[in-house]
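What follows are several structures.
Two complexes, one shared chain (chain A), two partners (chain B, chain C).
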Partner chain A sequence: MASAGLVRGTLAAVTVVVLAAGPEFLRPSQLYLVSLWAVTAIAAMGLNLTLGYAGQISMAQGAFVGIGAYTVALLMQAGLGFFPAFLAAGVLCFAVGWLLGYPALRVQHHYLAFVTLAFTTLVYLLLRNEQWLTNGVYGISGIQRPTALGFAFGTAARFYYFCLGIMALFLGAMWWMIRSPWGRAFMVLRENPVRALSLGVDTRRYTLLAFAIGSAVGGFAGGLFAPLVQFLEPNSFSLGYSLSLLLMVIVGGAGYLFGPLVGAAVAILLPDFLRFTEGYYLLLYAAAVMVLMAFCPQGLIGLSERWQANRRARLAAGGER
Partner chain B sequence: MSAFIQLVVSGLATGAIYALVAVGFALLWQTSQTINFAQGEFVMVPAFFVLVAIKYWGFGYWPAIAVGFAISALLLGAAFKGLVVEPMLRHGVLPLVISTVALAILMKEAVKDFYSSQAQQFPAIVEGTDLDFLGAVVSTQSIAVIVVAIGAVALLNWFLSSTLTGRAMQATAQNRNVARILGIDVERMILYTFLINGLLTALASFLISPIYLAKFTNGETLGLAAFVAAIVGGFNQVRGAVLGGLILGILDNLAAAYVSAQYRAAVPLVVLVAVILWRPQGILGRVEERSV
Partner chain C sequence: MASVLEIADLHKSFGGIAAVNGVSFTVEEGEIVGIIGPNGSGKSTLFNCVLGQLQPTSGEVRIDGRVTTGMRPCDLNALGVSRTFQLLQVFPELTVRDNLIAAGQEHCGTMFSRLFGPRDAGLGPVADRMIEFFRLSHVAGERAGRLSYGQQKLLDAAMAFMGGPRLVLLDEPAGGVNLTMLGDLRERLRAINRERRSTFVVIEHNMDFVMSLCTRVLVLAEGRIIAQGSPDAVRNDPKVIEAYLGP
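And now, the complex of A and B:
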């Protein structure tokens, strides 16, 4: 009888080995898809901090990915190296997130959802209309892939490892943050804001911090997105993208460390296996999300946990007999 | 000046349609704490019910409109409440928000896959002739839209404030538990709210589709307009949503003409952020007390 921990450890080990051996057996298009999965998972991790841990709905994560991507593309065009540009993308998104969250979090309800919805549309309009900066609908092409310590990540396989490596770094940072006093403060915001306030937690400041850090992580994801796709256009960052990131976090399991990875896999990798559904994939996906919300709003990870708990309860009941 | 009048009148027409959608949105929020992110799609889809009735079932204009209202009340009202909102309420606000976001995608994709991805012509209630009004050219279609939409809101307002059922609905919206103690059938009142929302969005659909054509992506801008109108006017007041809708429609048109056609869509959003900053309860809204 395998314990849940052993099952999970084996699963993680197998995933790591399969991903490490990826370039050996994946087609170039699939290699690109897995790299995109890693980048999208980072964006979803950022949103998971805002939504899953601090309990605020942001509909602007896609816009932050866009800001990050354009920042990196433009700074690299201006002659800056990848890493300083990458850092700038995160810092800029942190600042924008802070400025955006400040007015929205003054009021209760789900006003952050509405403000971020408006923000995403505004960012899209700016990207499309400010041609002098973003080249409008013609987009920016020819974005260079990074070089680190004299090692160029130019080929698809090398950049694949680069994306997965950065994703692992962010996963580690998330794991650390959730266990830090900040992470605990974020969670109490979601669970019981009134009690948090009475315990002396400055709820507004911590919610703002969670949103700004989540936005910064979105900016970093964008910074990686730019050299991956090597072509940026405003349509990639419309409201639909932000909403699909929101769905990913929820589908995977908001408030679980690995939730965004699972959610991004469902949204990015699964369509490749379900080619036979053709144009109906999105339709089926939307229907599946609605069913999942009705039966298990904790997402797929929540679903598997519930299933394990049920099994354990059954085994325990069987043991007593 | 005549150009200005023209812009204001056509703005009022669009604004009156936004008002219908925003009123439905605010009603749903009040009675069942439902933030419907598919509200825009609720306006997009009824036009296609009518088109199906005309094209495939051979109905005339008015019978097809009647069928459109009936299907909307059934699917967007009763089925939406029973199949989407009700199973979700015990989970809280967030899963319901996500579910309506998914519903919006579902409706968009369904129209695209099963009807057409192209913009469709939609018949108007009246022939579009131009009238001369203080030197400005005003189309009869704009006037008809304003009259019908304002008439519908006035009728709804009368229903809510002067009939027993309407007052029971308001009581349910204000305090569900007290309403139940007073012997009001709360469940039935909530169902009525959903039916009214279905009818309001269907009416908005039939009024706006002749102007902007029926297309599966229409819901995105319409939904955003409804949120902005409801928040600007005041989330918890029918009057507020009406005012918000009218302001938004006029502002939208004036901005396109006098500010910048490219940033026309940005103006309502800037107004939204300004209202949230300085008057978060909306222009006519009441401050809701915090429940601890």
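And now, the complex of A and C:
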């Protein structure tokens, strides 16, 4: 048991050190990629709350990232600073996510998937067709990076730290919430909503909260996405993006705190490291996902937990001999 | 003394079939009332109507004198009404201890304190006492889904008591529990009834269990109460023998 904790602690420490030293050895394109990983991981964390912990399937997370990104871009264009715009993105997505939760009070599983899928299409069409607001397919360019207390996060390296810092903040907040009675309420909603209701858990309120908070986190991710890429266009937030976020949560391990980080790393960072495979990367990725889902639907974190449990059992059996 | 539960002329129909057909009775504080009857006699439907899972077609339910017909299960639970289900209903991925804390946490504090306050909602010691009381100490840290059926049944019952309920409706608590554990369960239920003045209504097919646990027994057949009284009186009632117990 102690050794598993040691392995995990060492792994975390190494990750932090490597990320902190990133600008020393990473190319600018790679710095950008790791920043994108951090932003995507935040979006996946939000979906992990809705789907992994509260058990409500959503194919709309990409749409919330889009709403958040456009909110920040448009408000900054209108002269607002980054931080108020960022906050507004989260608040707006909280409200919209709360409303999207209402169908979940009536339908579940694949029916709910289709409701959220339709929502994603709706948001995409709005972003594309409402040119007066979003500039349609021409997109929005020239989005400024934030300045905080006179310190500009303009360079790739500085913004890299900014993204990682915000991600760490969200990771901490998520950790706090999951271990609180709220987290327990979300989990019992997933495990057995009928029993939960009879034990006084207001399942309606927690369902709406799960959608609202998960969506708000997606909106914040979008708020960070806008100044990272500095150019927004509707195609980035089509259904495919929502599906790939869903895949990240599931591949990483739904219902595990670090699942979204791992899932986002697989989807965003791994292609760069596997560039030598050229056109075969997506093929390999798809095949690996199929194998993983068939043998360990709990995802990569679930796989490592299973491995650890087996090891512990072997050790215990060895100790008895 | 006020009645904890009053049911007045309750009806519930599904299409043309009357599952509960004009049931009225009251339960006084501290009573353990058994409800028996053949399969399909309307016992579970009656429970679901009292507990807000089903909307009765007509009639009225009062808890402590207050009309509760049509209230949601979670609001009824906040009034001190708790239940167990016919089939096991634990949270399999949570530990035994977390199952119990989840079962009581909504009774503690506010939404704010449940996010920012103590992680166990202040229920840790209560959960630990309940674990000991139901003799689950050796599995307290296990995931509930890994427990034996009998242990899960005990946990299922224990969860119903975490909120400190006034009235508990138990739907076949003895179903599938072995004899040793059955004695255990009966003793636990009696102790809680004695110490906390909790009131129980129990649906059960196990006659020995009902007759030895309950202070009063109602017999349901075809959606109506056909007999009620002390366990002994009911056991010897010719109508009951004909409808249910058999000669």
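Note that in this section the second predicted complex is superposed on the first by the 315 of 321 C-alpha atoms of A that agree within 3 Å, B and C clash if a C-alpha of one lies under 4 Å from a C-alpha of the other, contacts with A are read in each partner's own complex, and residues count from 1 in each chain.
In the analysis below, a contact is a pair of C-beta atoms (placed from the backbone, for glycine too) under 8 Å apart; a residue touches a chain by one contact, two chains touch by 3 or more.
Quantities reported herein were computed from a predicted structural model and do not represent experimental measurements.
Look at chain A after the overlay: chain B and chain C fit there side by side.
Once chain A of one complex is fitted onto chain A of the other, the partner contacts of A:182 are limited to chain C, with no touch recorded for chain B.
Using the contact criterion defined above for the overlaid structures, shared-chain residue A:191 touches chain C, although it does not reach chain B.
Using the contact criterion defined above for the overlaid structures, shared-chain residue A:111 touches chain B, although it does not reach chain C. Looking at the shared chain after the overlay, A:200 reaches chain C, while chain B stays out of its contact range. Judged by the number of chain A residues each one touches, B leads among chain B and chain C. Taking the C-alpha centre of chain A as the apex, the lines running to the C-alpha centres of chain B and chain C meet at 80 degrees, rounded to a multiple of 10. Taking every C-alpha atom of chain B against every C-alpha atom of chain C, the smallest gap after superposition is 8 Å. Annotation: chain A residues 194 touch chain B in one complex and chain C in the other. By the touch rule above, chain A contacts chain B in their complex via residues 51, 55, 57, 103-104, 106-111, 113-115, 117-119, 121-122, 125, 128-129, 194, 239, 243, 246-247, 250, 254, 279-280, 282-283, 285-287, 289-290, 293-295, 297. Chain C contributes residues 51, 53, 72-74, 77-78, 82-83, 85, 89-94, 98, 101-108, 114-117, 119-121, 159, 162-163 to its touches with chain A in the complex.
Touching chain C in their complex are the following residues of chain A: 177, 179-182, 184-185, 187-188, 191-192, 194-203. Every residue of chain B that touches chain A in the complex is listed here, in rising order: 35, 84, 87-88, 91-99, 101-103, 105-106, 109-110, 113, 220, 224, 227-228, 231, 235, 262-263, 265-266, 269-270, 272-273, 276-277, 280, 290, 292.
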